[in-house]
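Each of the next two complexes has subunit A plus one more chain, namely subunit B in the first and subunit C in the second.
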Partner chain A sequence: MIDEQDTPRAAAPGRVVLRRMLRHGSFTIGATLLGVIILIAIFAPLIAPHDPYATDLTNRLLPPFWHDDSDPAHLLGTDRVGRDYLSRVMYGAQVSLVIGFLTVIISCVIGSLIGVAAGYFGGPVDALVTYILTTRLSLPLFLVALAIVALSGSSLTTVILVLGFFLWDQFAVVTRSVTQQLRSQDYVKAARAMGASHRRIIFRELLPNLREPLLVVATVEMANAIILEASLSFLGFGVQAPLPSWGLMLSDAREFMFFDPWLMAIPGCALFVLLLAINFTGDGLRDVTGRGASL
Partner chain B sequence: MTNTPRTGKSSPIATVCATALALTLSAPAALAGPDDDTLRIAWGATGPIDNLDAYFNTNRTGIWFARNVWDTLVFRDLENSSYEPLLATSWTFPDDKTMDLTLREGVVFHNGEPFNADDVVFTLNFIADPDNGVLTRNNVDWIERAERTGDYSVRIHMTRPMPQIFELLSGPIVIYPDDYYAEVGPSGMNEMPVGTGPYRVTEVVPAERYTLERNADYTWGSPKGEASIGTLEVREIADVQTQVAELLGGGIDFTADISSDQLEQIIGLPGFDGAQSETMRISYLGFDAAGRSEFEPVQDVRVREAIARAVNRAAISENLVRGDSRVVNTPCFPTQFGCDQSAATVWEYDPDAARALLADAGYPDGFSIDLYSYRSPAWSEAIIADLAEIGIDAKLNHMGYFALRDLQHEGKTPLYLMDWGSFSINDMSAITSRFFTLGPDDFARDDELAAWLDTGDNASDPDKRRAAYADAIGRITSEIYWLPMFSHVRSYAYVDGLNFKGFVDEIPRFYAYSWN
Partner chain C sequence: MAGTPGHPFNGTSHSEMLRFTVIRLGLALLTLVTVSLVAFFMTWVAGDPAIAIAGDTASAEDIAAVRDHYGLDRPLGVQYVDWASRALRGDFGMSFHFDRPVADMLADRLPVTLRLALSSILFAICIAIPLGVLAAVYNNTIIDRAALTFAILGQAIPTFWFALMMMIFFGITLRWLPISGGGSWKHYVMPTIALGYFAMPVLMRLTRAGMLEALDSDYIRTARAYGLPARSVLFRHALRNAILPVVALAAVQFGFMLGGSIVIETVFSLPGIGWLGYDAILRGDLPVVQAILLLVASFYVVLTFLSDLLNAAIDPRLRRVRVG
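Coming up: the complex of A and B.
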């Protein structure tokens, strides 16, 4: 059930949103870039020129294609143990996106359930949720994540779980406030008058209306999760080598910062482009769905 | 493109960036090195010196500091492999548990206190007392007590015959002024170290910087020689990249924490020079042969042999460690006493044989294993790639040294890439005996091996020691408790115009440096 106040003609709301999306410049750019990166990540095993784990110690630190002495077999050169940099950047997209998506799924489920419960039931439930939320917001996220990962040992799964269980706050804040608004809408009142159960009202009347604001929050949080993973990996507490994480590649390249700056520039650019694409997409979604006000 | 020296191979853009950085940053910098006779040094990549008192420090840079500030009784001449008089002028051994020393006259401490037998007796009795808590007990627990036999003569009573006595008296055992140390103790010595050495300390900001000035009274003919450079300014900088930026920008003149790759790039820039020397530190791949971690595959010697044959040590040494690094086949550094190269079983790189061995051991499809390490992840990654070739899926657990050491002591590490620098002591007891005498680091738990090492450490007959150590080397390498990997190198970069010399014991002798 779509909130019809947003669209002048109730007949084809989806088409209107689509038309707005296509006319929205930064959304088009962001979504296209994101699409391309997702395709690269999915098809990395097919399109990557080399095995990203295959080392070749006699061909280490080869420069990328814009250098005179580059090797055509390694377009972006090789890293410090002779692995193809282009292949690692492609596989690195997989790591970033998997972490981004899975973290957002976990935190979205946690955050929206808590938020809807608080907004719908109000009273003591709301007070409890607000208390938990305040507690969560008072924790310095990065330091806590760092401590947990350091204690429990770092791996891809740990990073996803830690981030997933920490990034739900924005989901909870948004769903709580939107639910509070929706709760007094006529159709919710009508459903309640007809004797619908709480479960039915939450899942059939409220959640469908939360889809768009949640999508907007999801893009912001996904970018957040990706940068947190890169930061943790950069500090040596994220995913473990030899997994090709962009944060890890940045960390490995520090030693060569002054003399082979491309080793830092390439994963840095990849991270920049992905985050830009996600943020453009998120901004565009917010604009075209008209859900910006609640954020 | 192979592993040719990369000097000058960096891209034009990179060179321009680095040179521009050097030029921009050097403009406001103070007078550089030779102009004000000051050598600005950065160290600290393994953390700052925890205590400047040499007996309460385990950090390598603390050893560097100590060598320049204090003197030892005996001087170890690395070039001629001999022991020469330093604070002691002569010595005799009335029996194998007693040593008589005659001391040098005319030496004064930095605070003006004259050096005599009281200082030696006080220092040795202080460090021998377990209640005083000297950190490296192995260095001092052989001293029963020291006794004054004259103004300039002392007698050392030992708890047991000490074959490595000259290594200890020329290395970790430095002599303190008795009056000053009795008054201020270890904490006072940390705040303001006082010794007889070629440099005296003038300023200490703990864990941040130290200023040392040439000791003008160091004219009594020490084999170390008088210092040439007037002032040393040491800054603790943990981040190697910051050290490089400071060097290029003129903030420091000398660093010893950089990698081989960085060295080659820096010496390609105008105004900088560098050097590299092999060190006594060796890396090794350790196996939990005793099953402390309850990981079954590596308890089988065939699996350990498969791993030993799968890892291309020469390629890692040549391409990643670089410089003078070489493959080491013994669980000790080749120059160390007792480290008989011919006693070792040598494992050549042979992945086909490795696969066959794995299949024979019942793992035709390999297995998964955790590899623990704290040094350069590039080395571990190369090993992981080699193991993947024979079907072993090694997962890297990279962590800090102390975290890893604790895990080892708990017996949780089935496979580990570690290294040991022997405190620069040129004797096998400083490395092999530390790891295979049933202590918390011992993953072999081989009683016979431990007994051989005990004989090697304590017998007074050098031939008996050598024979026992050779048996130990044979056992460790044939059973592959360790796969010795390669020797490390230390790279030094500094400004043009510094006369520098590196030594195998990884200790820069700043007193021996001078300006051109």
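Coming up: the complex of A and C.
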């Protein structure tokens, strides 16, 4: 009934966007890297050389392959209780990705509900949302997250819930402003004149147009969630040992950092590469879709 | 500044600005009240504070005595009003753990955090602005791409890990810099670089975007057409317009840093309020956590308020889109 191309900010047809994405250098690099990391995480049980939880006290703190006295059975060495470091790094990708994806799903739902409501209804609803948003932003996220995890006990679920309920602000900001622009578009007015319900307008006319800006915000917040989990776990208030989280591995490595700095370098590099992949992907999306340039 | 040709200050009504200021001020106050409620009731979510003070092994009489001593048996509303009105006067109660006024502990620690946040944001600005200008002037060249890549690296590198790697390299291998404590300016070098590099990318992108927009505008073209020297066009006219939003954003980021330096302060054992907050959470010292929460939120609210005013003064359109 209503062609998407009628809207001034409508996306180029899918295939053109795809071709532009593939020609965009940093998007290709980022997305490929991210794909590889996701595959490693999914197939970790098949490709990891060892059980990430199996301790071997006779082979503690073996150095990685670039040291002369390394063990070919443990390419990236072993940690302080003899667990294979490569296997733990591979399984660690699962933890980071699960945190990243689930947190973003929760916060995307919360943020876009709030943002669409504010942008669509305006007036007092918008004022209320502005107030909630300002309050959320003024609470120091890391301190509050630390306190909540400390009070309710550290676990993967707690971390995901806390981060999910805190990282919705940018989703709300972006959906609010896009909705404000769309609300006065002719096709939305037409739908309303034809007697479409609010619910129908929001779900059929507004949400499809929010897909791309939400995707851009999602990459930013996913990176954010992954860094926050690593930082919380590093301080001992994130996920629980012996889960192979990169943040926990960094935390364990701390007491050996001056004698065996590779223990700290390896999980950090893994984290860095994942975050780089997500950032490159997000940056490419932002350029290609021309959305969220203000971020 | 108002005289610059084409500058966005173009004599819009003062009453609009006044209305905006009043609404924003009301919002800021409301936010602070809400944050104080959150901070206060966090204590109660955490469990009975009387038990926290007396300790897990305390007898029922001890707990009752503590409850009586601290006035914990009064209705919650009364306790909140009492706590909030004391907090307004700078009295945050006594630390559960150290038997010292929380306000004194904060006063000891705050200068360290302020110094760190200030040096980090200055470091970030000093890199972001020249880099953003360069990227805009040499748009779509290798310089632009290098600047953007440098920014992406800063966004992606986990701050605390970057800090730890610097510690290993500059602190242990080269032995140039101290790795923990806060005694001299040398103790601030690595924390400043770590936090500053994290804050830099968004400032640099904003500078670049602002400069691109300014360089493309009519008044810059006019200035060029009048034959003004390129340097003067770039710095006196274009940069002047691009820089105010960057300063406004830097103010907000400064607010974030006051609450966001927990990991960095902990890693470097810098005795600021971030590390104090972490310690207080470890010990369950709730009055300290409450006070830090309130203090950091207040800084943030004040800085956001000022930054909103600055932005609205530059761009009159912003006065209308919010609340109304």
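Operating definition for what follows: the second predicted complex is superposed on the first by the 279 of 295 C-alpha atoms of A that agree within 3 Å, B and C clash if a C-alpha of one lies under 4 Å from a C-alpha of the other, contacts with A are read in each partner's own complex, and residues count from 1 in each chain.
We take it that a residue touches a chain if its C-beta (ideal position, glycine included) is under 8 Å from a C-beta of that chain, and two chains touch if they have at least 3 such contacts.
Nothing here was measured: the structure is a model prediction, and the numbers come from that model.
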After superposition on the shared chain, which partner residues are touched by A:Y131: those of subunit B (first), subunit C (second), both, or neither? second
For A:G153, decide between first (touching subunit B), second (touching subunit C), both and neither. first
Taking the superposition on A as described, I'd like to know which of subunit B and subunit C A:P49 touches: first, second, both or neither. neither
Figure out whether A:G35 sits in contact with subunit B (first) or subunit C (second), or with both, or with neither. neither
Which of the two, subunit B or subunit C, is in touch with more residues of subunit A? C
First, second, both or neither for A:M257, with subunit B first and subunit C second: both
Once the shared chain is lined up, is A:P208 touching subunit B (first), subunit C (second), both, or neither of them? neither
Does subunit B (first) or subunit C (second) touch A:D69, or do both, or does neither? first
On subunit A, the residue positions that both subunit B and subunit C contact, one per complex: 254, 257-258, 261
Within the complex, which stretch of subunit A touches subunit B? 53-55, 57-63, 67, 69, 71, 80-82, 153, 236, 240-242, 252, 254-262
Can you check the complex and tell me which residues of subunit B touch subunit A? 1-3, 6, 9-11, 13-15, 17-18, 21, 240-241, 244-245, 248, 259, 261-262, 265, 312, 315-316, 318-320, 377-378, 380-382, 384-385, 388, 395-399
Complex interface listing, subunit A residues touching subunit C: 26, 126-127, 130-131, 134-135, 137-144, 146-147, 150-151, 180, 223, 227, 230-231, 234-235, 237, 250, 254, 257-258, 261, 264-265, 268, 271-272, 275-276, 278-280, 283, 293
If we count contacts the way the header does, which residues on subunit C are in touch with subunit A in the complex? 27-28, 30-32, 34-35, 38, 42, 45-46, 148, 152-153, 155-161, 164-165, 167-168, 172, 209, 258-260, 262-263, 266, 277-278, 281-282, 284, 289, 292-293, 296-297, 300-301, 304, 321-323
